[in-house]
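Shared between the two complexes below is chain A, which has chain B as its partner in the first and chain C in the second.
Moving on, here comes the complex of A and B:
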């Protein structure tokens, strides 16, 4: 179903700007587009290094917060799809 | 206002040199006119730090940014470090080759060309003989290359009567989507040439009225962050609030005019970091020696400028007895400094009471 690679990796051309309130902004300088990340998404973004698969990311999320919602895997999928759709992460070739 | 973790944008005065010497220039004879320009390598090294700080864009200015022989190398460095850029230029050196280069980067947000009038008479008198034709040609070249081009008209004693004509040239003949205006203000060389250059209250009032009409005629395609159009709008808002008996306008009654220090910083041609290129006397440190991120979050002078927003106007003798205090924002810190010696005071330049006392009137409220 998904174009997202098994070990998703952040597009190195994208600027990741962390704010003081733990939110962040992704900025694609070529497309001149920004994308806001809430604190959970920031946590995930930092794991998109090509070394963590989705399961690893979910495990880390579970470790970091006590009450991860049941539909977290689905949310993660949707989030990664959205990032891939905007070329903010690498996709399976 | 929300403080960013690092500056989002940086204004870079990449050179102190210029191929013109405009009579009102804010750069020359200010602390921004430095002894020397930094070498290419120093800028390229600094761009890497900007990348680490996740800076989104830089604005290249000077002086005249395009007189630098290494301008392409510098722009390549900006691109490599993932930033976008804009340029402020007098237009003289913009030819097809330069425009092709800028276009090919795909990262240029805008190139602003200074055009002060509809022809050489009103432009060259401040900006130098032959400069109008070259500036207009530079502007047309940018447009031909589909680069987002814009114009700044700096209103002064020699061009304020031709605002109709310059608007027609830029918006109808050249076909720009919009242009911006400011007035030659009390900075740099302009301080020495104030009498021949700066508008008096009557001329300023004339411009407010004219610009209101032109803005309407051209459906908002004329804009301003300072000068007669911007001040005129604030002053009308203040008059309306007072007439309606409003106790206050939220966020007013304090020195809240400038939010720049929450998201931007600037660097002078010699590498001195400053809060804004119009505050070149405020040395915060040096690039490639001091950490940008550290200065941004911890420098006491930046903190002092940010705290400006909490200073009530009623504390100043200058504002004593003024009926407009609850509606006023106090004006630009750079002009407050050059006119009053301190950044954290109200600026006489933007003071509505001073304008009225000097015989100024607002158009819509005259009758």
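Moving on, here comes the complex of A and C:
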């Protein structure tokens, strides 16, 4: 398991491109790998600026959606772990 | 050396399970479609063409199962004009194989429909190139084939199979993309797939004669199908443009038909093994003959199959090499790419034309690519 930073920050090398349907393409030039982000993941990705902690992100998510599921914190943890596992966000050493 | 997975299926030496065999059962066809990428000979009462020997078919199936095969696709030519189609369908059922049938529907009688329905998870697609006889028959070249195809659809629906309609889109029928959906709703089919006429065999002539749509028109139609037509119906619509032109939401929210090139081999009506039906027109993509060669030898040792497994997607060139979706797409159709450029890793015609016209989606191009500049 990767140790996700308290204030997660997106890997600056990763290319983020939003599309018309609010999904986005993430491209990691180092690994030459492409990922697709759904609209919720895009929302979170934009907050991975090293200034927002997980609680901030959850608060913003709650503000933006009327019906955030109860297990949103768990989903957020899993998502950040996944990003960290793929070196798409920084991890705590 | 072999290893075993949990279901005790032996993984072939090459490391790739053979999932499906595409059987191009007949060298002839009872229609004369002007866009056909295989270009079979016309079969009528006056002329009958060879088809795959039933004993050979059984032998290939047995060998395929030993390599992990769990499904077969019957196509052509026209699979339902095979003289032993009854026995073939019974045998597939006995062998507990999933079956897909691609047909023009003319010979899809109530009896044949019953037999297909007895198979494991049958999937049937029927070609219908317009919502009216005039368009369909202009494309297919035989009078009366529109009503006969619809009869085939109804015979399937009666036995509980909701088929897919496949419409090949060209200038002549482009105005019927919507009306075919309404027909599909009325006939209670499962889905409509829009195929694009590819520049292969007879389709190549159509491209040369200006009977196909331009890349700009095709891209626009694709967007319209995804964004406007699809929301107007409960029927699943599938527009066969490559991944670069599909919304991510569509690609990742539902399973997409993906060419399973690493797990497929083709068998032609003559009994030859080939990459797929392209073997009818491209000799280099023929790998041997079922009468003399063992399927396992071909599957494990054929050089072209080996090159494809080694090279895809990393050796793709042109726009495909710089496409961010190449891992998913694998260059769309290797057979067609080879037909056009004699290179297994050449770019797919649709994306190459779009890149040239400056309408390839720029969010899907590798940063720094020469194709970014075209746009």
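Criterion: the second predicted complex is superposed on the first by the 91 of 93 C-alpha atoms of A that agree within 3 Å, B and C clash if a C-alpha of one lies under 4 Å from a C-alpha of the other, contacts with A are read in each partner's own complex, and residues count from 1 in each chain.
Rule of thumb we're sticking to: contacts are C-beta pairs under 8 Å (C-beta built on N, C-alpha and C of every residue); 3 or more make two chains touch, one makes a residue touch a chain.
Remember, predicted model here, so these are calculated numbers, not experimental data.
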Partners on chain A (chain B, chain C) - clash or fit: clash
First, second, both or neither for A:17, with chain B first and chain C second: both
Which of chain B and chain C A:53 touches, first, second, both or neither: neither
Which of chain B and chain C A:27 touches, first, second, both or neither: both
Stretch of chain C penetrating chain B in the combined three-chain arrangement, among 26-34, 62-70, 152-160 or 224-232: 26-34
Interface residues of chain A shared between complexes with chain B and chain C: 15, 17-21, 27, 29
Of all residues in chain A, those that touch chain B in their complex: 13-21, 27, 29-30, 32
Complex contacts: residues of chain C adjacent to chain A: 247-249, 251-253, 324-325, 327, 361, 363-364, 366-367
Chain A contact footprint on chain B (complex, rising order): 2-6, 8, 51, 54, 56, 82-84, 106-107, 109
Of all residues in chain A, those that touch chain C in their complex: 15, 17-21, 23-25, 27, 29, 33-34, 36, 38
